[in-house]
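Worksheet: the structure to be examined is printed underneath.
In order of appearance the chains are A, B, C and D, and numbering begins at 1 in each one.
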Amino acid sequence: MRLATLTSGGDCPGLNAVIRGIVRTANAEYGSTVVGYLDGWVGLMEDRRIDLYDDAYIDSILLRGGTILGTGRLHPDKFKAGIDQIKANLDDAGIDALIAIGGEGTLKGAKWLSDNGIPVVGVPKTIDNDVAATDYTFGFDTAVSVATDAIDRLHTTAESHNRILIVEVMGRHVGWIALHAGMAGGAHYTVIPEEPFDIADICKAMERRFQMGEKYGIIVVAEGAVPKEGTMEGGLGEEDEFGHKTFTGMGQIIADEIKARLGYDVRTTVLGHIQRGGTPTAYDRVLATRYGVHAARAAHEGNFDTCVALRGENIDLVPLESAVAHLKQVPEERYKTARSMFG
Amino acid sequence: MRLATLTSGGDCPGLNAVIRGIVRTANAEYGSTVVGYLDGWVGLMEDRRIDLYDDAYIDSILLRGGTILGTGRLHPDKFKAGIDQIKANLDDAGIDALIAIGGEGTLKGAKWLSDNGIPVVGVPKTIDNDVAATDYTFGFDTAVSVATDAIDRLHTTAESHNRILIVEVMGRHVGWIALHAGMAGGAHYTVIPEEPFDIADICKAMERRFQMGEKYGIIVVAEGAVPKEGTMEGGLGEEDEFGHKTFTGMGQIIADEIKARLGYDVRTTVLGHIQRGGTPTAYDRVLATRYGVHAARAAHEGNFDTCVALRGENIDLVPLESAVAHLKQVPEERYKTARSMFG
Amino acid sequence: MRLATLTSGGDCPGLNAVIRGIVRTANAEYGSTVVGYLDGWVGLMEDRRIDLYDDAYIDSILLRGGTILGTGRLHPDKFKAGIDQIKANLDDAGIDALIAIGGEGTLKGAKWLSDNGIPVVGVPKTIDNDVAATDYTFGFDTAVSVATDAIDRLHTTAESHNRILIVEVMGRHVGWIALHAGMAGGAHYTVIPEEPFDIADICKAMERRFQMGEKYGIIVVAEGAVPKEGTMEGGLGEEDEFGHKTFTGMGQIIADEIKARLGYDVRTTVLGHIQRGGTPTAYDRVLATRYGVHAARAAHEGNFDTCVALRGENIDLVPLESAVAHLKQVPEERYKTARSMFG
Amino acid sequence: MRLATLTSGGDCPGLNAVIRGIVRTANAEYGSTVVGYLDGWVGLMEDRRIDLYDDAYIDSILLRGGTILGTGRLHPDKFKAGIDQIKANLDDAGIDALIAIGGEGTLKGAKWLSDNGIPVVGVPKTIDNDVAATDYTFGFDTAVSVATDAIDRLHTTAESHNRILIVEVMGRHVGWIALHAGMAGGAHYTVIPEEPFDIADICKAMERRFQMGEKYGIIVVAEGAVPKEGTMEGGLGEEDEFGHKTFTGMGQIIADEIKARLGYDVRTTVLGHIQRGGTPTAYDRVLATRYGVHAARAAHEGNFDTCVALRGENIDLVPLESAVAHLKQVPEERYKTARSMFG
């Protein structure tokens, strides 16, 4: 058999571990060969590809962040218009099955290819952990770890200077990274997109801390945090494709408001890109490797139109459709649990 | 309500995060107070205890390894003989419910107390990840991370010196740490207790590597690894309480045998105690905190004779009995997946 | 003998290690007692102090970021006006010598006290490594390590997305952190305050990389970087107390300019406070402990009006005056060496 | 000009950073080319070499432990007997100068080549920090950091179990790693080869801790530690080439003795190979890069028969002879300072 794979969308620690898992499983369990298309769908359309051998190089990529295949973005219209080209390219290269590694958009594209007769298996990739079909996605644990390390460091500097520190983390539509990093980092308040915040409630929590004799506070804010309707003057923002209002620099906005209301020294740190790059954690390397192994097996066993997913301790195959059905949001109960640790 | 808690058995990163989760939830959600017995069951028998307040000190223990309550071991016979004392002590202290944090032995003790009329909730603690009722236990991710960091470092030193390096990790009865650290660390062979090893198979895998032009190998060995019947002369060992044969220094035994058979330079590193101490990973802090919150809730809602357990994304309550029913071993499929990454 | 100590100015990993070094040396080598004034000079003026014992608590602070004594700022005029109060407070507390731990401003204050008859030993503290009298200061290695870890992570994300990433690090007046983190992190260009930058030169270096087939670039920018006279329109900024022009958000300014000139995708990450908080590196713990030991010895041996300083492998005593004589800037040769690693 | 380089002896984090520094400086500052001989002196004798270009590959090795050139050992007699072959090989390859990177043995070999008319520059490499001519050597900071991380983790496990933990670190002839890791890790006693230990003194220190209410102890032991004459029965050991007595497993020997004398629970952890592998710290990357740059410059400027060395903040050139004159031992004053932190 001859497999093809590609990575698409934003980068995420663990992509190379998936590729390695696919290549080694294809080789060790089935004696198959693997081709990698470069730069996501773009490379598939333009027939830019490399052969991936089960060699020392592939062995060495386990620890590397990013993706050795590169990634890219292609407009859905262009993508759909290119279906004949894609089919021709796969035929010419003698590809029997395609494993697409990517986020919501990529998996939607994969589903569309599958509906158009191409044998496809999907591997969910989202650093934000917002794919509904799977318990966790690789890259998420690394992002949470990096953010938690940063928060650990910020405690002492905030305490020494009697400051409130706002830490803005990734999460435009869902608050998983903020929820976990806030809990792991012992934040005194955490704001997530799923629960519009009331600035008065945040201020109250900070005041209570200072009244109790504490001299500092750490607040974790997901970049997609939104104020509760009517609670913050001038908190406008714009609606995005999902109907969410988004605000640029929400961490700073909250910082300014707390400072204005309480007079404390408030500073903001935006963690940014360091959350999505670099060596994956052990957890993410194991999860990504298992995804790769199971995707290769699914392809060899003819289980197409599916997506690998972590369910409890197991990697299951779920219908590709279910993987893109809806965003997985932080449930109310999880936020309630987080709240009990605030303050 | 007035809760008591204690930690028992070997230490494990995350114990303090559980205690913190209990204390803060009892306070924030129910306005209750919490007492901590010192040194496990021993402190409960001897009525040595401290009050745990939801203060800056409790807040600060999230990152600390070990347990602020200390731990200890008590012979089951002495423990059972002391039931009247235990009941009297809990009565005198006005305790309404007891949350016992510990491994298999501790949870069996907790079950026995529950059967004798004491309201008990259990929190499973095992760095080896061998409790059947839960997907993962806190401390395991930290142990795997520490072992993986070590393996990462050993690759380059093995490669520069054309050596085979054996890394012996924890796991007397189950191979979860070896399985995950071996996969995350890109080991070329991993030996676990559940799959008795054939030294000839290990040697073959190493020889194949050197024939392919590789110049080194990393082999991860769980301390409880055992040779396949009849494959290793002199591989005797002794039977332990579970009927497993154990060998002291199995890593070194395997190293000696490979050296004798193949003539390569083979060295052994025993990771030892560094796997179970120190600051927990972000993953373990979140899991342990959630365990604490849910155990406190279970106690307040009268759900006794239960144990908290991670099931997929959720913390469930399972019968205390089921938590100690049997050791959770590495399933065959997981080891097969690991094998595809060997070599 | 009875010593007093205090920490003043911005926080810095290793402050607690100095305090611990002082307390344990005073106790172990001389049988003396130590008092800690809170919140820097402010606490000394207001006679707020605690006794510091050589106990388990002092032992435990070695790893903690921040300062257990707190820090604060006091206007030099107020400070000088309070000289009688300071003397009275030291007398009342029976203090024989004062060890002042702080940056340039603090050491100037210490010198002034010394000139006014108070027995003082100084310990230089500057995360920026800009004190002339000493080879290195504690906190600097930690800041460089944190920045380097971040840069390591940014390489793969920049590469996967064909981006130029600007990393803004601390260093308002000197470029030591940028110089070392840029070299350790394999940056492709590093901008420091000591060498005004020519934006055209930076652009040329980036273009050369892309022409050579590389697909990304990492540029490290000290926050105090300044453009070469006449090279950047609108690059105005304001003069600070040292006569340097400073610019807010110089990383972003450079990013915008590169984007405008070359059209590449350029992003900025501002590392901020995470560089100055948290557990010190092993290097900083050793240096800070040695500073503490030698400062305590200097005080006991009557070597006042001095400052401890690292010179090669040794801790020397230098005149307090020399420690504040001038800012230690990055020498031209060091920047030339760094340049050879660019591109 | 055409340079050659090679790495010889045990591996050490930072070797690749030196190679990278040489190649990039030769290219950027002088437009020269560089050749790398494989596996140390062996490759030079057998004329096995590769061209090293200033490309993306060389750029990427900064973070890699080990050495891309491999290393090896050659008996001095064979080495000297091969001098004509070495000269012929260097001539055939058109080499103008050789940069030898290695420890004491390698630098002695380099000196001998230099005395025989070959233009040589040396770069000192010793993870043990025992080269007299230089303040610090690369790899040392990484080893200390790894050991310190391990000690940090061991504190809590020792404390939770009321144990004494012995940590055996590298250092066969000198105690620099033990001294620094012991001080950075807050060890309660540190044993180094330079100061033969009195087991009774160690026991007294541990007893004092337990009497003061502490419940555990951490003792760092350099592998080359030796007992004071007549203090330990059966403490035999064998004399090595330097006339030192060495003992296998000195950590365990001390553990057994403390247990026998005091009855405490004492355990041993041997850190082993993890101290010398893996990604170098930021400190070591900077030092190694600077060594590479200055060695390349020395070669181009005709400063042969020299060795690069860190002196304070600067990289100096010292006579090659002085680099191998004697082992740099821990001075008495440093050990006295360490002692003040014990207990």
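As a convention for this text, contacts are C-beta pairs under 8 Å (C-beta built on N, C-alpha and C of every residue); 3 or more make two chains touch, one makes a residue touch a chain.
From a predicted model like this one, the values you see are computed outputs, not experimental measurements.
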Smallest number of contact steps required from chain A to reach chain D: 2
Chain separated most widely from chain A, comparing mean CA positions: D
Between chain D and chain B, distance of the C-alpha-averaged centres to the nearest whole Å: 35
Approximate Å spacing (C-alpha centroids) for the pair chain A, chain B: 29
Averaged-CA centre spacing for the pair chain C and chain B, given as whole angstrom: 41
For chain A, residues that touch 2 or more chains besides their own: 152
All chain pairs that touch each other: A-B, A-C, B-D, C-D
Contact footprint of chain C on chain A as seen in their complex: 10-11, 64-67, 70-71, 146, 150, 152-162, 165, 267, 269-270, 272-274, 276-279
For the chain B and chain A complex, residues of the former touching the latter: 20-21, 24-25, 28-29, 56, 59, 62-63, 135-136, 141, 144-145, 147-148, 152, 180-181, 183-186, 213-214, 281-283, 285-286, 289-290, 293-294, 311-313, 337, 339-343
